[in-house]
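What follows is a set of structures to go through.
Next come two complexes built around chain A: one with chain B, the other with chain C.
On to the complex of A and B.
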């Protein structure tokens, strides 16, 4: 029983970590606090649903098609909607406030579009819903597949950011945009790339989530919130921290849902968030600065 | 007090008297529109009381509004009305103090994130409590309160929020808050207890939101968590305050009146695409009039006088 709960908690946690990785790119590098972040996840989940039930294409194909679309969309959003704000902002705090406001508006636009198309009902589809036995515990194949894919994507991202020139440039911007500019890094392009990459990541998570969770058009806010909590917990801009924090959150949530009450999962999230804010506001692996 | 101040005072009093007479001349639809505008006036002004000077964007308006509404729903049949309002105030301030003490010590972004999910958290907790403990979801609000009485209570609340906002602007607390908004580090170094000032003002501003919710609850006759904690309310309040301008006390009203009318029209005309429209309106405001109508007027006037001075 405990093993089963831990396994399904780990799949959920893996999803949270992946979702948070994208957000930490957007916030840590592009300095955009994106409140419409979770809406893209739900949109990708709907896209996967449509692929599977509408044209009978596997979500695994969706996983190849949807993220590039989200990448392009996010790139466009950054260039058209957010770059004017970056240019207008005098300080980092001013940009933070402006981006919060603009993306808050965007949240309602995207959510409104999805509500108009799909309504408020819950959706799910059955893909690989077969039980597997692992060390005596039962776990659904779709959950396990999602976890494996999340790990693959996460490792790929980590290698890309640490072993390539572009990745190093992106990390440099996260540390200090002014110094990055001084060593001839194109901060604007790096920011746009990081923002778009974040969008692609959250879309990939959306496709994975749609394989094993029921979702509706209003769910985006909850995912945004959890991603934000994970990012803060892990330390802003810290990839490894986001990974640990995401897993932790998924496990705690699942334990609470199974052993206490499923209606209290968000309360558990908030309790963890409060503890982090009170004890270690810079995050588990974050440095005490700013 | 100069003659000009006295005149402004007289005009304000006359305005309040005129507004108080409104229920005697308008029909039901007009009154419900007036109630709507009045409640958003209180909410938006209370919002900018805190978020204006400190520049901390609060997304939790509906959390407190909903707490007020639920308090009414629970106690209205058992207790006297003033007692219900007192309880609502108490519950709202306890929640606000907890949130404030946990997040306002830190940089503003933590507060924004916390407030972003607060309404959802309270909604889930209320739902959980109702389902598990009282075994009902949704309550009827039977109160012997007419629409006109609701309107007058809101008007009194609006007068109160303006009076308190006026007094804060002239107090040490107001000065401290403006200093915090300009530069928090400098404020701390000049001996201001930054956290205490922020928490105090946050609690004060949320008391008004809670009371508005408590007063508005009898309008619905039936409430459930989804109605009481509707995130669109937080969003609407934010847009209205921003459109008007948050750095002046009278700013938010200038946003409330046109937008309340516009939303009334949109809701009737495009019920299914309402949130898309509202989102677009909001984005336009953030981009084109970042300092609100008041800021726009002030900037224009300043440019005019500068041009005159140069010529």
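On to the complex of A and C.
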């Protein structure tokens, strides 16, 4: 029982971690506080649903097709909607405020389109819904697959960002954009790419989520909030922190839902959020101040 | 190598730099001396593309115009700036700082050789490659900053008060390092408060006051000039 709950909590946590990684890229590197972030997750979930139930294409193929589309869409959104804000913002703080307003609007646009197409009903599809036995515990194959894929994507991205020059350059923009220019990094392009990569990541999470969760057009905001919570808990801009905090949140939520009361899940989320902030205001792996 | 003509920098209405002309020849070390607020940093930042130059300015690096290019393109053109305050990547390790120094396409081919050179120039960095740059001493951070700039394989190195906050011993080491850098074929333009030591290694110097270049000459002549001695050498 404990193992079962832990595994399904880890799956949820893996989703949170991926979603938080993407937000870290958008916020940490491009300095866009993207309130429409979770909408892309839901859109990707609907895309996977349509692929599977509409044209009988496996969500695994969706996982290969949808994120590049989200990358292109996010890149376009950045260039068209956000770059003018970047250009006119005098400081990074001003950009943050402007981007909150712009993406708040975007949230309603994307959500509105999805509501118009799908309504408010809940959707799910049955993909690999077969129980697997692991050390006496029963787990749905789709959950386990989602967890494994989340780990692969998360670890791959982490290694890419920490072990390669281009990944290090992306982190350098987050640390100090002026210094980044001084080592020949084109900060404007790097920001657009980081924003787009964040979009691809949240879309990948959306496809994975759709494999085992029921979702509807209103779910985006929940994931945006969870991503924010995880990013702040992990330490803003800290990749490893986001991974750990995401996993932690998924586990705690699932333990509380199963062993205490499903109605207290959200309360648990904010309880550990507050506890982390009280004990380590800079986040689990964040550093004291900047 | 570097030709600057009619370079002005405006902050709103305030003219921080007014029609500056200067040049740096190949293989030269040139120093700019001036009091606080004279416009020295503004000059370097405008040349490096971090600040917009007022219209009419001409900045040429080996015959190539730099005005209007973004800072990252100016690095690709062969000019590296170590700014005031160093601007190293504090959250990243020394190794990552040096790796990023060679981000410029022009630097990739020479990366291994430049890295060996930098580590020979500052052996301390070789011992601290895994250290987070922010946790290093001020002098060590300056080595990271200069090392990172050298990794971009520049033809011209710009340094804004590199000796700031260094002990006299470290300061002398730094100026010796500049001579070795020049020995590797890199020209150097630096801004300094330490007039005595910088004039000792420089070939030529410029004096800047209230945004205007008010004097220039061979370093030895400047060091011997009574007016310069009064203003910058605390002298007699």
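Some points to look at:
What we mean here is this: the second predicted complex is superposed on the first by the 289 of 290 C-alpha atoms of A that agree within 3 Å, B and C clash if a C-alpha of one lies under 4 Å from a C-alpha of the other, contacts with A are read in each partner's own complex, and residues count from 1 in each chain.
Note that a contact is a pair of C-beta atoms (placed from the backbone, for glycine too) under 8 Å apart; a residue touches a chain by one contact, two chains touch by 3 or more.
Keep in mind the model is a prediction, meaning the values are calculated, not measured.
Looking at the shared chain after the overlay, A:221 reaches chain B, while chain C stays out of its contact range.
Looking at the shared chain after the overlay, A:182 reaches chain C, while chain B stays out of its contact range. Using the contact criterion defined above for the overlaid structures, shared-chain residue A:84 touches chain B, although it does not reach chain C. After overlaying the two complexes on the shared chain, residue contacts for A:108 are found with chain B alone; chain C is out of touch.
Number of chain A residues touched is higher for B, counting chain B against chain C. Look at A:266: by the touch rule set out above, it reaches chain B but stays clear of chain C. With both structures placed on the common chain, the touch criterion links A:229 to chain B but leaves chain C unconnected. Of the two partner chains placed around the shared chain by superposition, chain C is the only one that A:169 touches, whereas chain B remains out of contact.
Shared-chain residue A:240: touches no atom of chain B or chain C. Chain C meets chain A in the complex at residues 48-50, 70-73, 75-76, 80-81, 83, 87-92, 96, 99-105, 107, 148-149, 152. Chain B contributes residues 55, 57, 59, 102-103, 106-110, 112-114, 116-117, 120-121, 124-125, 127-128, 131-132, 231-232, 235, 238, 242, 272-280, 282-283, 286-287, 290 to its touches with chain A in the complex.
Across the complex, chain B is touched by residues 33, 35, 81, 84-85, 88, 93, 96-98, 100-102, 104-113, 115-116, 221-222, 224-225, 228-229, 232, 261, 263-264, 266-267, 270, 273-274, 277-278, 281, 290 of chain A. For chain A in complex with chain C, the touching residues are 165, 168-169, 171-172, 175-176, 178-187, 287.
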